[in-house]
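Pasting the structures here.
Two complexes, one shared chain (chain A), two partners (chain B, chain C).
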Partner chain A sequence: MNRRFINKLFYGSSWTAVAVCCLVLIFLLLTITWNGIKSINIEFLFTASKNFGAGGGIFYQILGTILLIIFAAIISFPIALGMAIFRSEYLKNPLLKKLVEAFIYGLNGIPSIIFGIFGLIFFVNVLNTGISWFVGSIVLGIMIIPTITLSTYQSINSIPKIYRETAQALGFNRWQVITRVLLPQGIGGAITGLLLGIARAAGETAPIMFIATAFSGVDVPHSLFDPVTALPTHILALAQQATNKQALQNGWGASLVLLCIVMIFSISGLFTRIIFKTTTER
Partner chain B sequence: MKKLTDSHIIDPAPCCKTVPVIEVIDYNVWFRDYHILNDICVSFIKNKINCIVGPSGSGKSTLIRGINRINDDAEEFTSKGLIQLNGQNIYAKELDITKLRTQIGMVFQKPCVFPKSIAQNVLFGIEHLRKLSKHEKLQIVEDNLKAASLWQEVSYRLNDKANSLSIGQQQRLCIARTLAVNPEVLLLDEPTASLDPVSTRAIDMLRLNLKKEYTIVFVTHDILQAKRISDYLVFMCNGQVLEHGHKEKLFNNADNEQTSKYLSDEYCIC
Partner chain C sequence: MSALPGRVGQIYVVSATLISGVVILLIIVFLFLNSWDAISQVGGGLFTLEWHPPNGKYGILSMLYGSVIVTVISLVIAVPLGIFSAIFISEILLPKYKPFVKSLLEILAGIPSIIYGLIGIAFFSVWVRDFFALQSGRTILTAGILLSIMILPTIVTLTDDALRNVPVKYREAARGLGLYNYEVIKSALLPIAKGDIIGAVLLALGRALGETMAVMLVIGSIDKIPQPVFNFLAPGQTITSKLGREIAESAFGSLHFSSMIFMGLLLLVIVLVLTVIAQLYFKKEQRLYE
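Now for the complex of A and B:
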């Protein structure tokens, strides 16, 4: 095989990989959109579900999902930001750095069902909180901490050392360097991580189904310790009624709405990265 | 620890009295196991351009960075010895390092402007030290851009992004930002290394003007530049100061053979 042929082979293989990936995604999006769009109307989006999801809409499921992810973001963002700053700016010991890194990647790799079981045992059974949306938010928050931490860390760490040294040479202390130089330039990465984390949290079923959600008979929570109903668990419940055509149709509709929520956060993350990259061009 | 002896203080020129602002006494630096600076003893003279020259890896930048302790945060950095600013040990435990850095300003080799406007860049350092009125801000921007010989070029576009300036202008903006903090000493670590001859000349002129008010310590590889603008010269090699003194003395009659060879642009192995 000559060099030119090998070059073409690799070029073709790369294109095939890209095409396969895009086709799978396009097929998935088209299938869900094609099947789900039939259910989407004002009534479906703004009314409560009936008959275990076979009738009515998904208003409280959307509300529950938004509530869970907003509080997950509020809980996880400061912790992740702190971890990223600590790892980037304060942690100098190489061994400790590696340990913290292993911890973050380890947390990122834990299957979501384990978070659900942990939440069930620790919060519901040991702390006796009961099924609570707030506990669900905490568990989702813990789950997305690594995503936000890694994105923020990469963003802060990619700021050239000269910015830190210039600020220090102007008399800034370390805290001032962080707040006035690093965070304004690294916040784009943090927000991207947050949006990607939210997108992941919005789609997760396993961590919340034992500890935060109920399948029916739930509307707006009145306290921190009330359950909610959320889109992923609602879709799971509808999928289990596959023989009921209307339930299945509503399942497609709910899937499309969930997909839109996830896509909105994912695309916002991408745009945030682009916008901040432009404004802090170095 | 050694005392700074007469031989370490640059001999006064017949016409003028020299006052050492910075005195480096028996200063050693290690990065991990590497001994970068070895028993450095030298002084830098007030309101003069003190130039450090030497081949790459001789420790020039490490020395200049030691003077405002910018290396302190570097991993596995250790130092021993004494550096005094007006007789005060800058490594003393009770010393406020952030205050020290406002007294000893530093400009780096690569111009580093923040993603802000030209005016905001000038005010970036001073604003965190004290509250400024709008009038004061305008005055500080104007004064320091004038001091950095940049006012005429940017006065009509102070709100433009600083990274829209040329590299040479950015470097002068960095100098203006450092001057705004009102330091006593200005450390310049090869500030013209990445500039074209026109920008280099502008910064050389600027340095000559600034020495009236500031003590300047600058590092360069460019022997002609050192000859052109320096008053005092320090020649470093392999982490040691081989010779230092008046520019004329070192260029015309250096005691050390390596100094003589290096400054006459001959091949020199330290």
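Now for the complex of A and C:
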């Protein structure tokens, strides 16, 4: 009887915990959608912001965010891909393997604000680039390397040994095995990682707020070393003047747009994961 | 004929790995170099209570306290909630609903922290203010609650993975002994998955310590340890919120800037150590049970 009661209690606790989690999630999504949808219209999406964000739209913020994440992806993808191939196909020495793993997990663990500070010291002050969107892309790119590397590594490393051996028996050298056999099969993992990485980069504020963005008076950058304005930093500025009703309202609108951008990338990441999994397991 | 591309390819993959390694080293070296002024000139004065740059006071203890206490509050809320949820997902929920729940969790994990900050300002701080009848809802507790939601997906996902990695035969053996479900979980699954769960909590701890935007918006930004020490309804300051608020105001190369960088370095070291320990926990379990 007593054991049965504890068992029931245990089930009750689990149900409660899940219910709380679901309620929180529903609350978050509903709040963002409900508050955000009121701001969203064609004009809001396609005009520049006015009046320190309290008026106008978020056109240049959207453009800025897209620019930042595209270049972050271009910068980080080759590095992450190379690192994943190296870790999976070249690395045999256990000590080196540990070191490379430490690099990946270390880079993954570094708090985003530290990347911002590093960018501020290294690029803005030491290399004297000034506030620049390109520096922001580099820093975001560095930040998402581990996401892409881990996903790519998993998919390449999980390809059965027999594929490598068969290819070698056909006279392929190591690099040909990689480019002709492993990459075509493992590219799904790389794309999944890239999409998830972009989703992460799009929502980050702390790495770019000191080094890449200006709040007002910025439209399209004309050179590599111009500031941009981006959605997350725009929301930050609006959140800090939350007593102003109109600013807060525009903050919700910008949040919903940002969330949609993030979701587009993370959901397509999840889809590519499913799609590519079925093709390799077939 | 085909040796050259292979050579180039090898150089490419090695240099890609080197770049990542060099970046980590650069980050540590530059943070260290820039905090050296503070370490050499302020020294032990860094570990005092008062932060007042115009008077040359650079005590970071209030920020350190804030970071630790906010993290502790978030873990106290998120760890039980997360582990129970993970047990539900892994052991009670029918397998066909699992992908659905997992993708919901990924959505929760994908919400940018600045949006949590906005929700924190617009709702959580108002609720805390009204519930406790305070002057302002921007308190240590508010930041802790917000953080607990943000680290929940990490804990749930990793704990669920940990439980799923336990081979079915352990469950079957335990049920064969006539144990109730909760006893199976308590006496068979949790002890086996313990290492991975500890790793998960440590990773969540690292994330909580490093979280900036949401905390910065709701914590109130007062550089003081509240009186009495466990008054969580007072405003506070964490290392990250301090850095986020003040680094742009301090001149590069000044002692003020250097002290801020020292805080960043301290945070980095703590988080990296936590990450490494977490990985050790994950590794050890893999070797034992696979």
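We adopt the following convention: the second predicted complex is superposed on the first by the 258 of 282 C-alpha atoms of A that agree within 3 Å, B and C clash if a C-alpha of one lies under 4 Å from a C-alpha of the other, contacts with A are read in each partner's own complex, and residues count from 1 in each chain.
The rule we apply is simple: a contact is a pair of C-beta atoms (placed from the backbone, for glycine too) under 8 Å apart; a residue touches a chain by one contact, two chains touch by 3 or more.
Keep in mind that what you see is a predicted model, and the values were worked out from it rather than measured.
Novice: Check whether A:185 is in contact with chain B, with chain C, with both or with neither, and answer first, second, both or neither.
Specialist: first
Novice: Touch test for A:235: chain B only (first), chain C only (second), both, or neither?
Specialist: second
Novice: Kindly classify A:100 by the partners it touches after superposition: chain B alone (first), chain C alone (second), both, or neither?
Specialist: Touch partner of A:100: chain C, not chain B.
Novice: Quick one: is A:10 in contact with chain B, with chain C, with both, or with neither? Answer first, second, both or neither.
Specialist: After superposition on chain A, A:10 lies in contact with chain C alone.
Novice: Just chain B (first), just chain C (second), both, or neither: which does A:163 touch?
Specialist: first
Novice: By the touch definition at the top of the document, which applies to A:92: first (chain B), second (chain C), both, or neither?
Specialist: The first partner, chain B, only.
Novice: With both structures fitted on chain A, tell me whether chain B or chain C touches more of chain A's residues.
Specialist: When the residues of chain A touched by each partner are counted, C comes out ahead.
Novice: Thinking of the overlay built on chain A, is A:173 touched by chain B (first), by chain C (second), by both, or by neither?
Specialist: In the superposition, A:173 touches chain B and chain C alike.
Novice: Do any residues of chain A touch both chain B and chain C, and if so, which are they?
Specialist: Looking at chain A, the two contact sets intersect at 173, 176.
Novice: If we count contacts the way the header does, which residues on chain A are in touch with chain B in the complex?
Specialist: Answer in residue numbers: 92, 94, 160, 162-166, 168-173, 176, 180-181, 184-185, 279-282.
Novice: Chain A touches which residues of chain B in the complex?
Specialist: 68, 70, 73, 75, 97-99, 101-102, 105-108, 110, 112, 114-115, 124-125, 128-129, 163, 174, 177-178, 181
Novice: Which stretch or stretches of chain C touch chain A in the complex?
Specialist: Chain C residues touching chain A: 2-3, 5-6, 9-10, 12-17, 19-21, 23-24, 26-27, 30-31, 34, 80-82, 84-85, 87-89, 92, 103-104, 106-108, 110-115, 117-119, 121-123, 149, 152, 156, 180-183, 185, 203, 206, 209-213, 217, 240, 243-244, 247-248, 252-253, 261, 264, 267-268, 271-272, 274-276, 279.
Novice: Could you pull out which chain A residues touch chain C in their complex?
Specialist: Result: residues 3-4, 6-7, 9-11, 13-18, 20-22, 24-25, 28-29, 31-32, 35, 78-83, 85-87, 89-90, 99-115, 117-118, 120-122, 125-126, 142, 145, 149, 173-176, 178-179, 199-200, 202-206, 209-210, 232, 235-236, 238-240, 242, 248, 251-252, 255, 258-259, 262-263, 266-267, 270 of chain A touch chain C.
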